[in-house]
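Handing you a structure now.
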């Protein structure tokens, strides 16, 4: 995620940031511009068509479908943003659960070794989840405290060993049955958060919508010059790419934020969140 | 579900995928194209109507109702997508509950036979639910561990035998009363998930909306050529089918994803989710 | 609810179903058609007004307000659909709670008589709720197991006698304190569901919106012919009723599904849900 | 709240109900009508401007901003309705919690005096909340059972004395620790509901939106006659007030339902809900 | 937050309040006005272009993209408002939890000193959270009761010392295991609320949307005069700034309410909420 001061308008407008869609779209915009010039040349200079030809009214179709394409893009934007925000909430819950769990562990007054176990295990879950979502393996420092096998689901192994630890401590009499329930529930929330993140990561918008929106934008933009050339002439070489920029940017940003756990410009600050968890858990249990 | 790289635009645009709506719509589009040609021929060549006739202004109605039809389609899209995503969340919960339940069972340190019971029963619930939603029967391998009757609701029978097992283990002293509450709650969540999926599967959008949207699209598209023929002439044979393609595609995709538990191109990866549950439960309890 | 195959377009379009809004709207559409003819006759043949008169531009108002009316109808549609779907979720929860409660009762291994009490009482709650929402009384078969007074709130009485039964069984030692909490919670959910359904049934959309939307549609449609007659002549007798059909249908369907517990064509399958609960509870406890 | 039969269209349309916005808007509509006449007189008769003057195209701005104003009004409508419905849900929860709490109190088989305490205290909370939200004091009949001080937060005092009663009964052995948790949770829900209602009552939509929407509507409507006079002449004296009526009604209704706990025509049936709670609690505990 | 009577329209319209966007936008509006005059002068007086030039039809692009820009602004408005309202809910929960926690502490009949601890600690959490969200440090009066280190997360330290206190009281026998669970859960909710507020504060809308919307508004508004000059002449110097005012105001308000915990005109009444918590907790425990 890029940190920015949201009130600084002018920088936004004239500076092309790292995450700017124009960086990805300019080759397409250039092609569309050339295509528009070609259409204009064909219709105006070769076939010498005029405003009285039927072809000049094709813009009627674009007006009629203008609503539909706008609404589809808003639908796309909303659903992607919801996933992004949903992912942010899940990572927020990870922070909350980690802190609450640590506070309870502290209050239990366990012996030093067991406190170290949780001081190590709680932030480890966060880091392991982060790498799991980025399809990397994670073992972490001091990994002898909780041993994991690379071939199995790593966050699950960490959660499972924390739950086993809790049951152990209960059977040894350090934790009461009632406390066990509450503490187990916290570890279960870790797994729920993991499942929620996996869901967001593994389920893009239904294929049909994605394909349909792209096909629709493409045909819509490429047919604009055919009818508008009689009103706008060679100005089309600027106008059509701008329309493409607007429509395709929305689709592009939506695609990018749909999976918010990566390392793209707009992705969530997963690393920072994990570091915060580690810091806070150390503050509480240290 | 089709796996795809969402950034690969050109493949999308020029390739007609398995789930593409054009595969279902081309006969209708062809008919509408022929109908448009027929209307154009009638109005232009037989009746020799002109732009000064009242009939040429029928497009005013299409402009006015253009908002309404767009918004209806967005309403349709939103509600279908919400069901699809709701279904995805339910299947995600199934994964989470299965894992959490397995972790707790592991921590209980039951004897081998009882662990096998749950290692078998937890993923079995997922598979049974999958087949139940597809209206097939499911018995599964090693079915002697949990016997089910085909004439009764199969997921219910599995959940019920797991609950009875838990109460048994409690009365034998292997599980405390407090743990029993937590474990029973997990099995209840299985049944809640089953009920949620049944709700999505059995409740399509209210009949009146479905019928009204189809009637509206049909009348809307078929009356377009009547008024537009004076502006667009025989280009209608391309334009009207395209408008139909856009409007009807949205309705078609919405219909398809409304029930997301089947085996259509856009349906949820139910099989993969069930296999993952089996894999993870085995990892935890194995 | 009408069961239908959502992919069967043509039946939808040409067949006028039981729940079709045209059945209720045709008298209004006919009146509007006659009114349009009258306006056209007056303006064109009596006053002999022409396109250069100011009156011919009244359509500008209709274009400007076209957005507002579309968005209001979408707002109306969304809120009604949300209630309908909310009602469906509540009935789904009723199914889930009934099943979960029955499974736990089974696992308790109570004596035969007490099992019969719950096998009778759980589905009875569903049936009583159904009749309560339709403002009928319900006593049910074998009503001697749970006696209810017609003058009091019937679902409450059933829930209250189930809770009292649970406390009784606890004081007799058949149910532990921990189990009592969980079981009481299930019965409380019955009452929550009942309260949720009563809320949907008793709270229509705020009166002002309902009145405003109807006034707006009415004035909007009746003023259309005044300005459009110069562009569309006597075609108005077809076009204005169609616009009315579209706008008023949305309001009509919204009204119908707003209270989804009745016996209208689009209402929820309450009877079927209650029968399913009875069947499943019998399967579990039988 | 006005009770009405939502299917009775004609009464709606021709009858001006108590809650009708036209009652509040007619002075403003009249002023705008006179203003429009004045503008028309000025432009047409004094300055004798014509359609070829630049001023006649000011309507372009109104078309362009027509989307924005519609969407802002829908945003306003949605957020107000959400608060109204949110308030309704909170009052529904009040009913549910009151019933569930009473059922559990009944099942506890306390002695007569303690049952009277709760039979008195539960509905008293509802009434006290109602008056609290209307900024009145409430003491209620038999107030000696729960004494409250007028200078302190009254619902809090009632909730606090119920919780203290529960802890008392626990320390006397009438209620088990497990039941105490469940019963305390019910009383906590009362306070949560109170907090939710206070939140809705005390937090109108951000000031900037409220001010911006009003400014925007005002400038938008007052500039319409300037450009439209050349197309519509003196018909403006009817059309401009109607546009104002539509836009301002939405803002007015939104304002009214934003705080739904008062005694306005569209407010929630708070009195009826409180009376129902009293009736049901008496039925259960009586 | 500015307190206002939402029904007082005229003050709104003619008074420029403290939070009014025009205060921030007038320099930009003035620049755009001058730019429009310059464009008009160039096209009309220098190049002497006329309505028959292609350039006069550039407004077609603005009509087509009018939908998209409106919908983007509504998306922006909705997401910002959701955060604002979400923040308000979190602060409402803070009030609820504080009250409920205090009521339970009162009912426990602890000794005077322990009651003072919580009477001090509960409101202290609120104040500390407030300052934490404004990136200030907070120690509070009587800080010797709960000592905090400035270098660590202050709300966490307060919550942690409350949890430790609860466990202490439990091990001394003043609180039962069951009550401990409930009370710990309340303190955990404090941390959840803190996490929720931090999430809202630290996560602005994805950078790409923010940059894209600003770029889009800027280019859109600056290209309007190019095409509209032939219809509106020098009236542009009033119309273009007004369009900018409408579009940019929505973006500005959205930016302001996105982080609602500050001290801006539209921010939430955080101070008042904290004072209320202190007052109510004192009323309950005093």
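Chains: A, B, C, D and E, in written order; residue numbering restarts at 1 for each.
Throughout what follows, a residue touches a chain if its C-beta (ideal position, glycine included) is under 8 Å from a C-beta of that chain, and two chains touch if they have at least 3 such contacts.
Everything quoted here is computed from the prediction, not taken from an experiment.
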item	value
Fewest touching-chain hops separating chain D from chain E	1
Interchain centroid distance [CA atoms averaged], chain B/chain E, Å	37
CA centroid of chain A to CA centroid of chain E, Å	23
Sequence positions of chain A contacting 2 or more other chains	63, 67, 71, 74, 177-178, 181
Chain contact topology (line, ring, star, complete or other)	ring
Ring path (origin chain B; first step to chain C)	B, C, D, E, A
Interfacial residue positions of chain B with respect to chain C in the complex	54-55, 57-58, 60-61, 63-65, 67-68, 71-72, 74-75, 79, 152-153, 156-157, 159-160, 163-164, 166-167, 177-178, 180-181, 184-185, 187-188, 191-192, 194-196, 198-199, 202-204, 206-212, 214-216, 218-219, 255, 258
Contact footprint of chain C on chain D as seen in their complex	1-2, 4, 6-7, 9, 12-13, 17, 19-21, 59, 62-63, 66-67, 70-71, 73-74, 77-78, 81, 84-85, 88-89, 92-93, 95-96, 99-100, 103-104, 106-109, 176-179, 181-182, 228, 231-235, 239, 242-243, 246-247, 249-250, 253, 256-257, 265-266, 268-269, 280, 283-284
